[in-house]
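Look for chain A in each of the two complexes below; its partner is chain B in the first and chain C in the second.
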Partner chain A sequence: MLKNTSGGNGRIVGGAVIVLLFLLPLFLPRFYIYLISIILLTGLLATSLNLPLGYGGIFQFHHAVFYGVGAYAAALMITKSGLSPWVGFVVGPFAAAFLSLIMGLICIRLSKLYFGMLQISLGSLVWIIVYRWYSFTGGDNGIHGIPVPEIISSQNNAYYFTLLVTLLSLWALYKIINSPFGSALQGIRDNPVRSGMIGINVKLHQLMVLVIAGFFAGVAGSLFIVVDTAVFPDMLFWTLSLEVLIMCLLGGWFTFLGPMLGAAVIISLRTFVSGFTDYWTLPLGILMMLVIFFLPNGILGYIQDKLYGKIAEQAEAVEQTDLAQPAVKES
Partner chain B sequence: MEKGEIVAVIGPNGAGKTTLFNLITGVLKPENGKVFFKGEDITGLPSYEICKKGISRSFQVVNVFQRLSIFENVQIAILSRERRTWNLFTPSSRLAVEETNEILESVGLMGKKGRTTGLISHGDRKVLEIAMALGGNPELLILDEPTAGMAPEETSRCIGLIKDLSGKRGLTILFCEHDMEIVFGIANRIMVMVRGGTIIQGSCNEVRANQAVQEAYLGGSDVC
Partner chain C sequence: MDLIYTIFSPKLMSQIFVGLSRTVILFIVASGLSLILGVLRIPNIWHGSLYMVGAFMTFTISGAIGGGSLGFWMALFLAPLGVAFVSLIAERSFFQHLYEREHIMLLLLTFAFSLVFGDLVKMVWGMEYKSVPVPRVFQGSVHLFGGLPFPLYNVFLLGIGPIVAVALWLIVNKTKIGKISRAAAVDREMVGAVGINVSWVFAFVFMIGCLLAGLGGALVAPTVNVSLGMDHTLIMEAFLIVIIGGLGNIWGALLGALIFGLAQSLGILIWPQFGIVFPYAAVIVVLLLRPTGLLKSTW
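Up next is the complex of A and B:
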C-alpha cells in the first residue's frame, strides 16, 4: 500500500517523479513521449483493475472490455454526433461505468473463479458485437482519424493531457482506497462472511467497486483516443485483459502503484524486445515465472517488503494462515 | 432470553450449537421455525441486516481480516455500523478513531493495535473477534466458543472480559463453550442441545441435576 511510503521521503520522491514527467517532452524524442503516454494510460487501466482485483478480491478477468467500450463510446460520440469531442471524452467513461453496472449485476451473483468465467463470456459477447457490426463500429477496421480538440492535438499536448488526467484519476483512486469504502472493500477481500456479519452489504459494495473500476477503465479508453486518434476491436479482446491482469501481478497487486510499474515493464518489454524478435512473450513468460517464484507479492511489493522488513514476515504469516484455514474462506 | 442475561449453550460436538448461531445471524436460512429478536421476526434476513438490528457475533474459528491491522479490523466494524462505508473520499484514518481506541482499550489490545492480524497470537485473535463484534455496538452478543484453543492465562483474561461486558455495558450474551468450568462460572442460564434439539433450559443447578443431561452429555454418572 502506498500509505507505507507516503511519509516525508515518499512525498519528495513522488513530487520529483511528477516534475520529471512534466519536463520529459523538453528533451525526449517524439517516439518516447508516445510510448510514455501509452504506459500512463495503460497503467491507469491496470490500476483501475487492481481496485476490484487486489483490494476487493474480485476476479475481474475481462477488464479490457470497459476500456474498449469507453474508447468506442467516446469515438462513436465524436464521429457520429457532431458534438464537441469533449462531450465524447465525458460520455466514454460513463458508458463504461454503465456497462460495468449491467455486467456486474449479472456476474456478482457468483463468486471467485465463477465470477471470472462468466465475466469473460459476457465480455467476449461485447467484443464480438464490436468486431462484427461493420456498419456501426467499423468492425475489425476500427475507427481511425478521430478528431481531437485543437488544444490537445499536438503530441506533446496530448502527452500533458494524458499525464494530467492520469494523475487526477490516480489521486481519486488513492482516495477511494483509503476511504471507509476502501476499508470495507479490503475487509470483504479478506473475509466476505465476516464482513456481512459486521453489517456490510457485501454484494452491493462489490458492485460499486466494479462500477468505479469500469469508469476509470473508460477514462483510460478515452485517453487512448487522445494519444492515438483511433480505436480498434483488439482493445476489448480478452488477451489485453490478460495482459493487464499480468501487469497487476507483476507490479504487485497489494500495492497502489504496482500496476503502473507493471504496465511500464510490460509495455517497454513489448516495444523494445519485439525489435529483436517476434517472440517477445518469451522473455515476458520467463520474467513472469521468476516473479511468481521469487517475488510472489510483485516487484513493488518486494521493494516495499525490503524497505519495511517486517511487512515481509507479515505477508508470509498471512499466507500460512490462509493455507491453514481454507475452510474459513470458503464457508 | 432476557436483557442483560448471560446464556450458555452446551452440548456434544455436532449437537448444532454453531448451526443455531448461524441461523440466528442469517448465515443459514431455516427450513422450519422462526427467529425473533425484540419481538421482531428476523427469520431469513441477510446477515448485514441482522447486524444492524443489534446482533453481533464472534466466530469459533478465527474469522478476521488477515491483511489489515488490529485497529483497522475494529474500525471497519464501527464504520459499517455508522453506515459510512459508502463514503468514498474521506480518509478513513481520521474516522471513528476514538471509539476504536476505546474498544481496544477495554479488551486490552491497545498496545498491539498497529499489528497485522495475520501475525498476532491465536489468543489475541480470539479477543479481536470479540472486539470486532463490539464495534457493531450490539445489544445481543453471540460468542461461539470464545476461549477455544486459548492458553490458561488467556482464558482467564477472556472470562474476565466477558463478565465485564455483561456487567459494565449491560450486554446480553449468548455463548457456547466446552469448558464446563467457564460455563458454570459465568452463565446465568444454560441451554443443553443434543442432536439438533434442546433438551433442557434452566439455571446452572437445574441443569447439573438433570438426569437426561447427564446421560446424553456427560455420558454417565461417574463423570464429575
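Up next is the complex of A and C:
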C-alpha cells in the first residue's frame, strides 16, 4: 500500500522532471544547456555501467573503453565513409557492443577482481592503439569538427536529441532490469552457485549483460559527438572508467537513478570548482574518500534506507500497538 | 658468421640491453604491487603516484645536497623511505578500516589517493619537467659488441635488479615477518587466532610494497624527465605485469617485467610507431594461453 503510493508519487515527480527538462532551453543560458547535455549522456554511461556492476555484481572496471570506442566508431564512420551521419550514430553503439562481446568472451572465464584486471588490460590495449594510430584516429589530438545532421546541429536541438535518446535508453534499461532476465541477473549477483543450480546459464547471462552495457555506453559515446562534435583518446583512458565508477558509487549503485544523480553531482561540482582553481582531482579524491567511508550506499541508497527504514519502523510500531491495545482501535 | 652477425647485430643487442634496464625498473615497481595484491588483496592504483613521488623526492633531495653524487646516493636512500613513511600513515589512518569491505571499495580508495596525490605533486613541484643528473661515477657509457654505446647508469640498473629480487625473496621466505605475511595471505583469521597482530603485519607489507614503488621512482629519475602523469602509464604497465606473472607471485613479476620490457624495446626496433603496442599484445597472447598468469598465483 505504502509502496504503491510512493510509486505513484515517483511517477508524478518523474513526469514533472521530464517536462521541466524539456522546457529548460526556453530560459537557461547556452552554457547550462551544454552542461546538462553532458550530464545526461554521462549519466547514461554511468547507468549502463551500473547494469553489470550494481545489478550483475561483475567488476566492470574499464567501462569507458566502450564509450570511447562507440564514439570513435561513429566519428570515423561519419568522417571517413561519406555515408549519412545517422549511419555513424547507429554503427557506434553496435561497434561498442561487438567489442564488449569479444572482451566479454575473453574475460568471462575469470571472476571478480581477476575479471576486472584483465578487462583493464584489454581496454588499455585498445586505448594505446587509438592513441598511437595517428593516421587513422588522429592520435592524441582526436577528431574535431565532426559534421552532424542539420536537424540536430543547433545546440538546443542537440540537447533535445540527447534528452530524448537518454530517456529512451533509460526506459529500455529499466525494462531490462525489471524483466525476468534482470531478476535472474540479480540472483546471479547474490549467489552464482545457487543460480547455476536452478538452471540459469550464469556465464551466458553475464555475457549478455556485458553486451547490453557496452551497447548503451556506445549510445552515450555517440551522443557525445552530437553535443561536442569531437572525440579524443581520453574518452577511453582508464581514469575515466574509475570516475564513472565513482558516479555510480556516489549516487548509489543498488538504485536505478543513482548513477544519473552521481553524474549530475560530479559534473556540476567539476564545473563549479574549475571556476576558481586549477585543482580538480584533489577535491574529487577527497569527495570519494568521504563517500567510501560515510556513504557506502550512495546518496539515493541512503535516502532509501532512511525512508523505507522509517516506514518499516512505523509499520512495526503500529503493529505492536495494535496487538497491545486492540480496543482503542475500535473507537 | 655473417648470419650470426645479422641476427645478433649490435643494434639488436643494445636494444635488448635497453629493454633489460627497463625491466629492472618495471620489476621493482611491479613486485611491490604484487606483494600488496598477494597479501593484502588491494589493487593499489596509488602505487603509480608513489613511484612519481619517489622520483620527485629524488629530484628535491639530490638538489638540496648540492646536486652531486652524494646528493643522488642520499636521495636513493631517503626517497624510498619517505614514500614508505607516507604509505604507512595512509595505511594506518585509512586503508586498515576497509579490509573487511569489498575489493572494489579498496580499489576506489586507492584511486582516490592517486587523485589527491596527483594534485599534491602539482602543488608542491609544479607543472614543469624536472631532471636529475646522473651521479658522476656512472656518467658516460661503455661500448658493447660492435661499438654501440650503452650508458653506464643502465649497467648499474642491471646490477640493482638482481639485488632487489634476492633481497625481496629473502625477506618473504627467510624472515619471520615474511613467513607470517605469507601465512596471512592464505588465511588471515587463522594467523590472528594464534596470537599474531595481523593488522601490523599488513601495515608492514603495505609499507615494503610502497617502498619498492619509491625505489623504482628514485632509480628511474636520472634516466627520464620527471613529470606529472608519469604515474598513469606506469601503473597500468605494472598491473599488466602482475597479471601475466600471476597475482602475488614475486618471480611472476620478474618474468612479466622481462616480457614487457623486452617486447617494448624490441617492438620499437621492428615498428617504431607502434613499438608501444607490442608489450600490450604480448600480454594478450599470454592471457589467452594462461588466463590466470604464467606462474602460480597466491590467490
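What we mean here is this: the second predicted complex is superposed on the first by the 303 of 331 C-alpha atoms of A that agree within 3 Å, B and C clash if a C-alpha of one lies under 4 Å from a C-alpha of the other, contacts with A are read in each partner's own complex, and residues count from 1 in each chain.
Keep in mind that, in the parts below, a residue touches a chain if its C-beta (ideal position, glycine included) is under 8 Å from a C-beta of that chain, and two chains touch if they have at least 3 such contacts.
The structure displayed is predicted, hence computed values, not measured ones.
K.L.:
Contacts for A:I18 in the overlay, against chain B (first) and chain C (second): which applies, first, second, both or neither?
P.N.:
Neither: A:I18 stays clear of chain B and chain C.
K.L.:
Between chain B (first) and chain C (second), which does A:I102 come into contact with in this model arrangement: first, second, both, or neither?
P.N.:
neither
K.L.:
Please work out whether A:Y114 is in contact with chain B alone, chain C alone, both, or neither, and reply first, second, both or neither.
P.N.:
A:Y114: touches chain C, not chain B.
K.L.:
Using the superposition on chain A described above, determine whether A:I151 touches chain B (first), chain C (second), both, or neither.
P.N.:
neither
K.L.:
Of the partners chain B and chain C, which touch A:G182 in the superposed model: first, second, both, neither?
P.N.:
Once the two structures are laid over each other on A, A:G182 reaches chain B alone.
K.L.:
For A:L284 in the superposed arrangement: first (chain B), second (chain C), both or neither?
P.N.:
second
K.L.:
Applying the document's contact rule, which stretches of chain C touch chain A when the two form their complex?
P.N.:
Its residues touching chain A are 41, 43, 45, 94, 97-98, 101, 103-105, 107-109, 111-116, 118-120, 122-123, 232, 236, 239-240, 243, 247, 273-274, 276-277, 280-281, 283-284, 287-288, 291-292, 299.
K.L.:
Inside the complex, what are the residues of chain B that reach chain A?
P.N.:
Checking each residue of chain B against chain A gives 25-27, 46-48, 51-52, 56-57, 59, 61-68, 72-73, 75-77, 79-81, 84-93, 95, 116, 118-119, 132-133, 135-136.
K.L.:
Which bits of chain A are touching chain C when the two form their complex?
P.N.:
59, 61, 106, 109-110, 112-114, 116-118, 120-122, 124-125, 128-129, 132-134, 237-239, 242, 245-246, 249, 278-282, 284-286, 288-289, 292-293, 296
K.L.:
Quick one: in the complex, what on chain A touches chain B?
P.N.:
3, 175-176, 178-184, 186-187, 189-191, 193-202, 205, 208, 254, 311, 313-315, 317-318, 321-322, 325, 327-328
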